[in-house]
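This structure is in structure tokens; I'll ask about it shortly.
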Amino acid sequence: MSVASTTNAQIDAPRIVAVVSWKAPIIFGIFTVLFALLPLLVPREGATTFRLASGDAFFTVPDIVLPSTATAWVSVVLLAASTVFAVFLANSRRRTPLWLVVVYVAALLIGFLAWAAAGATLPMVGLLGGALALATPLIFGALGGVIGERAGVVNIAIEAQLLAGAFSAAIAASAAGTPWAGLVAAMGAGMLVSLVLGIFTITYFVDQVIVGVVLNVLVIGLTTFFFRQVLAPNTETLNSPETFTAFPIPILSEIPVIGPILFRQSFIVYLMYFVVALVWFGLYRTRWGLRLRAVGEHPQAADTVGIKVLATRYRAILLAGAVAGLGGAFYTLVAVPRFNQEMTAGAGFIALAAVIFGQWDPIKATLAALLFGFATNLQGVLSVIGSPVPSQFMLMLPYVVTIFAVAGLVGKSRAPAADGKPYIKS
Amino acid sequence: GQAPAESGNDGGDAASPDFLPCIVSDEGGFDDKSFNQLSFEGATKAADELGVELKDVQSNAETEYGPNITNLVDENCNAIVSVGFALSAATVEAATANPDVDFILVDDAADNDFDGKKDAENVKPLLYDTAQAAFLAGYLAAGYSESGKVGTFGGREFPTVTIFMDGFKQGVDHYNEVKGADVQVVGWDGTTGSFTGGFEANQDAKQVAVNILDQGVDVIFPVGGPIYQSAQQAIKESGKDIALIGADADLFETDSSTSDIVLTSVLKAMDLSTYEAVLSSGKDEFDPEAYVGTLENEGVGIADLHNFADKVDSGLQDEVTQLRQDIIDGNVTVTSYLSE
Amino acid sequence: MKLELRGITKRFGALTANDHIDLTVNEGEIHCLLGENGAGKSTLMNVLYGLYQADEGDILLDDVVQQFAGPGDAMAAGIGMVHQHFMLIPVFTVAENVMLGHEQTRFGGRLDLAAARARVREISARFGFDVDPDALVEDLPVGLQQRVEIIKALSREAKVLVFDEPTAVLTPQETDELMATMRQLKSQGTSIVFITHKLREVREVADRITVIRLGKVVGEASPTASNEELASLMVGRAVELTVHKDAPTLHDNGLVVQGLTVTDRLGTVLVDDASFEVRGGEVLAIAGVQGNGQTELTEAIIGLQDQVRGSIRLDGEELVGRSVRQILDAGVGFVPEDRSVDGLVKEFSIAENLMLDRSFGGDFVSAGSVRRAALDEFAREKIVEFDIRTQGPTQAAGRLSGGNQQKVVLARELSRDLSLFVAAQPTRGVDVGSIEFIHKRIVDTRDAGVPVIVISTELDEVAALADRILVMYRGRVVGIVPGDTPRDQLGLMMAGMNGESA
Amino acid sequence: MSSAESTGPLADPQTPVAPSRWRGALQQIVTGNGIISVLAVLIAVVVGSIMIAATNEDVQAAAGYFFARPGDMIAAVWSSVSGAYAALFRGAIYNFNADDFATGIRPLTETLKFATPLIAAGLGVGLAFRAGLFNIGGQGQMLMAAAAGGYVATKIDLPFPLHLIAAVIAGMLAAALWAGIAGLLKARTGAHEVITTIMLNHIAVYLLAWMLATQGILQAPGSNNPKTAPMPDSAVLPLLLGDSYKLHYGFLIALAAVAFAWWLLERSSLGFRFRAVGENPAAARVAGIDVGGVYLTVMLIAGALVGIAGVSQILGTETSGFGGGIDAGIGFDAITVALLGRSSPLGILGAGLLFGAFKTGGFTMQSSQGIPIEIVLVVQSLIVLFIAAPPLVRAMFGLPQPGQTPRKKTRKHAEPKKQEVSA
């Protein structure tokens, strides 16, 4: 390059000016007002106990007791202050820093919990540990979705893979008498669903959304059929799987607060940690991942450097199916030792939402699933310790939280460029 | 295998020309570990005894009840069992149009205009005042509990579900009153409580159970078909000595895997009443009068303690027996939407 | 390495894109392929590169017949290709793009990015490129993306390199540098196939020239042949290469832009305090290397940018803050730079594309319904007027060749009452014959008293159309110079040198 | 969603404003796609037959002594399978066991009744598809329509046609607003409609459950069950063919909706903008179309169409009151209907009728032959899958792929992305 243009390119870094964004202050304001209404309209008496210890921990952690109403009002003040600060920043054309968002969310959460759990004890370990367990099948499903979509294959059939996984895990574990067999069978079932998806979409270019939607119906039909015809009459032999029970990891599980949450779970949860890390590592750090992402972004470019696009896609969705199948296994090898018809109850669609919410990234999708799990368990815990809100509204909580999170926090996200498009080569 | 004799047998109709009992499920299907299954068992037993085939259809959605019942009428069913309050309107409609067919409606009064009378002559409503039985279970649980906390949760907030939870709570309250104790009920306060949002036994349901166990209860009473399996798994994982109370059927009998933890079960004898209703229809003795299962007529009840017989103080056992009699005699009143 | 193609034939359904083509490229030779759009040049190269399978014919390297099942085989045999449409993954870094397909890994299957970075730096140093291995490709200007493509090919030690229209998006300086690189490669014994439409370049660098028309080799030419000779060999008729235009008659109406600053959502300044005016009856050409704010400038005029400060007044009326639709209604005609993304709905018919920005009322809509008869008639008229080669108004626009797609967009924008006409890269991807036509229409528009802004990276085009030239660099207006400014000076300005000092 | 014509009939983008649309459609059927559809149905029917035979008790019994008397087994298979499909036909089209034509044709009217909500909801999903939005929220939209329509019907007193109209409009409006939330969020914040519509489904389920359990809102007065009172006669959709058939005016509304959607998409300027945004939002924006506004408008109209499904359920099909499951999975079936109908109103009409027939026939299969109802689901989904993949069907039956030379080169006109020339 000429001297002129190169040096200029070095010197003239793009100039940055501040852009006013009123999004954060507005959202802060809305939530502050909404939250302030709670203690105002429904004042609650008593103190809230945040119990950090788990029943039989080695180290005892003292409970934290906060006066409900006072804490709620302190939160309101904090929220209002954050809002004012955000307005000030926006006014002086500065962006809302991440720490302010964190402070805001923390204040909101603590204030809400103190208000909602007035006069009761909040088992924090149970709350968070349960959230993790609830999120586990969603995380597996979402990881399956991420792998597939990163390779350019939209997978609406996560629900089918979860259900098929749960179904075959139950049978295999019952028949073989060991949950390990169930795990393998679940992966196989997930892969089978993927294979059908692949044959139709990769080899025969059928619209990926159609095939996904139809596979869900097909698998619901098939599993319900076999459940009623075969499993229900033979519950003892075919539908009583051995389960993976919680298995505390020595030492790690003794870490105060964190230990009981993260390390007193069942094997599949540990497997989940491993798979999340592995998928992240695989996607971003290995040759396999580089090629897979290339195929999902620009299959023709991948083709021109000698990457077999279709084979890469097949391998990706088969792996995705195996991962999603593991999530299915959670239903019958951890949650309950029984397959029931349609027992996944739409979790595959929540996982799909987590894929998009998580911007097609394994870690972010995991966080999205965890958020959902947390909101679900929060409503569970609050309804158990007695909440004044009708149960139906409590049950809405995770879905409402997700909508707010998607609309408020992330907004537009970019899918892999070739996601959903068949690769047709001359 | 051995080939049977050649004589023609082409399906059910040849076997029994005169009586055809039929049953239609609600959305749960006949494998729901709950009222569909029990009613199905009762109807099957009656059909076997009558030596006829039972025709069964399952519904997958609310809009399928009407067509399913109509189709059964078209198949010339003589008695049709509809399971669940949700089928009430469709059943009444079909009954009005087909006065010759006997209809048996489980869990509903067939009174859709709420005038206190059922809306069609040929419908026999089967109702169960399970609050009475759950009352006993609540009393028993309160007495059994060492932690002073007992728990309950439901599938969805339906009256047929909350009636169990309500009775259970009244039983505990009664215990507190009599004994001056302070046993708490977690998961139901008489108006709102913990629900899983569906009848699927999965992690969501299990987590609700776990959250209740986290509050330190040592007896838990899940109400809603297979969700007891979730509670069972939660108990197993807690590693603690927690007792389970079953709903509908005697869990000890229907699911042997629970035998170590099931304290008792609140019985709702749908199998029995359905059996009797179908049988009477088959014998041309159909009595469309509404049936209300109570402790007195043993349409509801509390199961044997089985493995827990020696874990529960015998004095408490006697008190429960006495309480049962007191309820029957009207000395103790249990309120529920059926008793109003 | 010597490359020989013998009797290559490639058919797409009924269309024979390559018809028994023979071509020989000797070791250390730069061989130019010439031909109008759709002549079959890229197809031939794709066959060579293993992307397409030839229906007939052989590929020989050093006189050995090759069997390429895919690009992998071709690469292994020593063939590298810089594609006409970059085969780069936009969201990958330079190093990742370069290593893709022949990655080195370390323990545990980890990608050896360090090695890839080193390789990129090494090749960059060898050819004097300045490419940051860790930059995301989508953030790079096209000129640099081009270099990434070259590094990609070189990193595989290609002995035969195919350059398919690499200069279409480069500045004159960058083009010169590329030619220097090609000569350097040639001196190291690399055989090069070079495809371009710019005859100047051909004569400058080619050792031999082969001309293809309608899928057949129509002849060889020597680098000493004149532009006119080469053009008529390509098109098969005489082509007029210069546009006739009279001196401008300036009117009072026009566009006045003052202190225009455009930023993206993160606050990066894309257009930096630009001020200029265009009067009715003149063509202002905006020159600059792609990615220096021209696109954002035009988008700001049409209302597509939302972080805009400053003022844009058309015939005295402020446009900033108005919606795209209001601006279109004010009589602004706009030909977007990327017609396949922004200009056309490919699945729509030609007729539908012609009413794309007129669906709110006017001639084609009454009572909420589309007046299909009127639209159809209009489309037929325009097809004739703009010489759109198509089977009819219902043909999907995506099935047209590039030049014809461009004519559809022009037909749409030029058939309204205009108070301003903005055309970005109006002849990109268009063959010599159509360029002639499009340039003429633009000049006609100017002569009708409409202010015209033409954005072009192509200096020949700028020279042909401009009454005045505005040069942009890094979002700033470097200078506004007369239309006959020498291209050397323009080139320097495009690289950021101030007009006076250059 | 997909490119190029090689993806089969389902993904084949519409070629709008084609004067020879009808002739084209006809031609398509004759030149092979018709055959493919028949073969697709055949494959699905074979799979269904296997499942039917396998669950049939007589077949199971005969299989036990297959080697002793194979004829029994074959006879049993034949009788179970033919009985099943005969029942399907009897239940869905014409009951040949009936005494007279008037009774015999009743199944067909039932099919139309069941097709009604499928068509309406399919239109809602299909319309959104055409604007590039994936509306998975049919369930929630139907439930909200039922809630609002049910409220107006049971809580407000009005004379006959007025009451009905008010209830229908209330339902459509509620569904439109519910879908509009997703549209607004998409337009304003870019929140992906797949996420928001899924979440809104769940929220609607619980919201309706609460209303149904609350006296004074939807719960029948004096009742404890989560169910409404019966709809008053003044708000009920009249029967279309007299008292002996249950087909109601909802079907006509659905037909009107088809006509409206057809006009909207194929003829109106608004629909033109919808399609432009659906095919290429970038070009639409440059052409002055407010893309966000289109997203909102499309979702509002799509919601209203789905709302028709909701009100036709409560005011026509289930007039004796409804509970929380009134959507009956139609919101999801509608996706398949829309896709099978290629998101074109007439296609959706056809697909809705087909699915209605399956649903209706399925009841008879179950009640008269004891066939598990899930088999219908399986057969249905297999049909959709195979119809969508003509090359696969051709391969399975060894038919030649259309107009092409041997393998590998068969899949042509990829129009490889960005193939278009640039000089």
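Quick notes
Letters are used for the chains, namely A, B, C and D, taken in the order the chains are written, and counting of residues starts over at 1 for each.
As a convention for this text, contacts are C-beta pairs under 8 Å (C-beta built on N, C-alpha and C of every residue); 3 or more make two chains touch, one makes a residue touch a chain.
Remember, predicted model here, so these are calculated numbers, not experimental data.
Chain pair with the highest count of contacting C-beta pairs: A-D.
Using CA-based centroids throughout, the chain positioned farthest away from subunit B is C. A straight line joining the Cα centres of subunit B and subunit C is 74 Å long. Centre-to-centre separation of subunit A and subunit D, using mean CA positions: 30 Å.
Averaged C-alpha coordinates give centres for subunit B and subunit D that are 36 Å from one another. Rounded to whole angstrom, the centroid-to-centroid distance between subunit A and subunit C, based on C-alpha atoms, equals 43 Å. Within subunit B, contacts with two or more other chains are made by residues 58, 157, 197. Among the residues of subunit A, those touching two or more other chains are numbered 228, 300, 390, 392, 395, 425-426. Chain contacts: subunit C has residues 12 touching two or more partner chains. Pairs of chains in mutual contact: A-B, A-C, A-D, B-D, C-D.
Every residue of subunit B that touches subunit A in the complex is listed here, in rising order: 29-31, 58, 151, 153, 157, 186-187, 189, 192-195, 197-198, 200-208, 210-212, 214-215, 226, 229-230, 232-233, 236-237, 257. The touching residues of subunit D, when paired with subunit C in their complex, are 13-19, 263, 267-270, 272-273, 275-276, 279-280, 282-290, 403, 408-409, 412-413, 415, 418-423.
Residues 199-200, 203-211, 213-218, 220-222, 224-225, 228-229, 300, 346, 349-350, 352-353, 356-357, 390, 392-393, 395-396, 399-400, 402-403, 406-408, 410-413, 420-422, 424-426 of subunit A touch subunit D in their complex.
Those residues of subunit C whose C-beta lies close enough to touch subunit A in the complex are 12, 49, 51-52, 70-73, 75-76, 81, 83, 86-92, 96, 99-103, 105, 109-111, 128-130, 152, 171, 173-174, 177, 261, 263, 265-269, 272, 307, 473-475, 492, 495-497. Only residues 121, 123, 126, 130, 133-134, 136-137, 227-228, 232, 240, 243, 245-246, 266, 330-331, 334-338, 340-345, 376-377, 380-381, 383-392, 395 of subunit A touch subunit B when the two sit together in their complex.
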